[in-house]
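Listed after this line are the structures, all set down as structure tokens.
Next come two complexes built around chain A: one with chain B, the other with chain C.
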Partner chain A sequence: MKRIDALKRIYKLLDSKLIITNMGAVAAELYSLGHKKNFFYLEHSMGLASSVGLGIALSKPDINVIVLDGDGSVLMNLGTFSTIARYNPKNLTHIIFDNESLLSVGGFPTATSTGTNLKNIALSSGIKFAYETKDIDEFESLFEKNINIDNASVIVSKVEAKGPEKFTMDLGLIENKIEFKRHINSLKEN
Partner chain B sequence: MKEWVKIIINSLKEHDISVISYIPDISIDNITKEIESDNYFTVIPATREEECIGIASGSYISGVNAAIFMQSSGFGNCINALASLNIPARIPIPMFINLRGEIGEFNIAQVTMGRSTKPILDLLNIPHITLDSEINLQKNVSGNIKLCYANRSPLALCLTPLLHGGKIA
Partner chain C sequence: MAVSVKNSELIYKSLKKCGVKIVSALPETWLVHLIRFSEEDPDMQLVRLAKEEEGVGISAGAHFAGLKSAMLMQNHGFLASVNGIVSLAQLYRIPLLMIISYRGEMGETDPWQTEGGLRTESTLKALDIPYDIIDSSESVEKKINKAAVLSESSERPVALLITRDLMVE
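Then we have the complex of A and B:
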């Protein structure tokens, strides 16, 4: 499975949700499908996409929050599973595209290439619903199912170590933050 | 409730700061236990201070102001998060940092990070104030938090043993 193809499968389902991505390939590929004002891309702060997503999910409990993350980032902040499990926000779905590689900085292998299993770490951290899949149809159905359950969930999607042709995005970090924050505020008013 | 605790809690409420992410520590237990028992606050302990930065940033972006409590050692754990998220994206977070390595310190391993905290804050261009007395504390805390949000910059409020009595060894 290629990450870009997996993103294409769920892209049409993202409109009513808040999307947080980690830095690098995930951000660039989601952006390449068409930026929307409910997308917030971390440009660095590696490992913190799920923590930012948790902060949003706890402060906006009625809106679905989707974190699009990578194995290298999650390995830098494994404590995030424990903290998410402790609060178990039902509106948080943590998707990890695991390509077993630090692709955006040169393709170096990560610990998931040598046996670390993020789904099992999530389960052992107390996350009640965690899955791993290599199949794009199964990924799509896991996504559709888990955004509507009454628990936080983790979906590890094993993908090929292939990234976008270019990583540049014509969107400033401050601009992205202001637009995203304003979008959330507008949801509150409705 | 100690006066300084009351002043800080009132300042948090005055600025609609209702989410507190923190790493527990006995020196600041005087204030964090009051915050935990106050229904106004949503308290989110994390495993590492970087996570607190992420959680508080997400909360702010979604329209709910958030502050952090941690030790100076924990500040060392979140330098890159501040430098790569809060500063470039202009996400304001008041950070209450308990300074170790001050008077009465008993642990050699806490001294270097404690003493390096303010110079590092200066290098990051993050404003900081030192809270070591109840004199002018309300104006100092409340006024600087207001400025923090106006300027959309993180703020460090450094607590010392002169204010809270220090760590019981």
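Then we have the complex of A and C:
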């Protein structure tokens, strides 16, 4: 499975949700499908995309929050699983595109290429619903199912180590933040 | 040694007056009452962290969602959070109200706190983080309010160092 194809499958389902991505390929590929004001690309501080997602999920419990993360970032902040598990916000879905590589900086193999299993770490950290899939149809159905369950969930999507042709995005970091924050503030509470 | 309940209460009430709704924390001796107050308060969301840097992400998320937050940590937790502070909070202009217990300053008995204590203020200065030191109960409310106002208006991290004289009886 290619990450861009997996993103295409779920892209149409992201409209009513808040999306946080980590930096690099995930951000550039989601952006390439068409930027929307409910997308926030965390273009640094690797590992914290899921912490930002948790902060939003706890602040806005009626809005679905989707974190689109990578194996390299998650490996830098494994404690995030424990923290998310402790509060278990039902509106948080943490998707990890695992290409077993730090692709954006030259393709160095990460520890998931030598046996580390992020799904098992998530489960052992107390996340009740964690899955791993290599199949794009299964990924799509796991996504559709887990955004509506009463628990936080983790979906590890094993993808090829192939990135976008270009990483550039015509969107300033602060511009992205202001637009995203303004969008959240415009949403009506349920 | 006992941690001052009275001054912890003063700090907590000052945070509440500033409209803080989310507090992230990692346990530290001097913060014990503050964390307990946060947990017992139905109007406060306490987020217990595995590592302090996660708190930068929590505060960023709260800021996006329009809520005010504060971070409770030891100065070693601040030192462990530097990349998140620089590459999230400063890069994206996120207000952080950091309440930091100032271990390793004058009067410290634990040898392991001393190196971090020595480098806390110089690190804050190197990172261009405005900070103030609270060492007496009289200035708690005023200093917390001023720090909260500056962090919101500048959309940047601001730190308050709470000292042994304030926290230990």
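Couple of notes before you dig in:
As a working rule, the second predicted complex is superposed on the first by the 187 of 190 C-alpha atoms of A that agree within 3 Å, B and C clash if a C-alpha of one lies under 4 Å from a C-alpha of the other, contacts with A are read in each partner's own complex, and residues count from 1 in each chain.
In this text, a contact is a pair of C-beta atoms (placed from the backbone, for glycine too) under 8 Å apart; a residue touches a chain by one contact, two chains touch by 3 or more.
Small disclaimer: the values here were computed from a predicted structure and weren't measured.
In the model built by aligning both structures on chain A, chain B clashes with chain C.
Shared-chain residue A:V105: touches no atom of chain B or chain C.
Look at A:N185: by the touch rule set out above, it reaches both chain B and chain C.
By the touch criterion stated above, A:S82 is placed in contact with chain B and with chain C alike. In the superposition on chain A, contact of A:I149 is made with neither chain B nor chain C. Overlaid on A, the two complexes show chain B and chain C touching the same residues of chain A, namely 40, 42-45, 47-60, 77, 79-80, 82-83, 86-87, 173-174, 177, 180-181, 184-185. The touching residues of chain C, counted against chain A in their complex, run 21-22, 45, 47-51, 53-67, 69, 83-84, 87-88, 91-94. Taken in their complex, chain B has these residues touching chain A: 19, 21, 42, 44-48, 50-51, 53-64, 66, 80-81, 84-85, 88-91.
Chain A makes touch with chain B in their complex at residues 18, 20, 40, 42-60, 77, 79-80, 82-83, 86-87, 173-174, 176-177, 180-181, 184-185, 188.
On the side of chain A, the complex with chain C involves touching residues 40, 42-45, 47-60, 77, 79-80, 82-83, 86-87, 173-174, 177, 180-181, 184-185.
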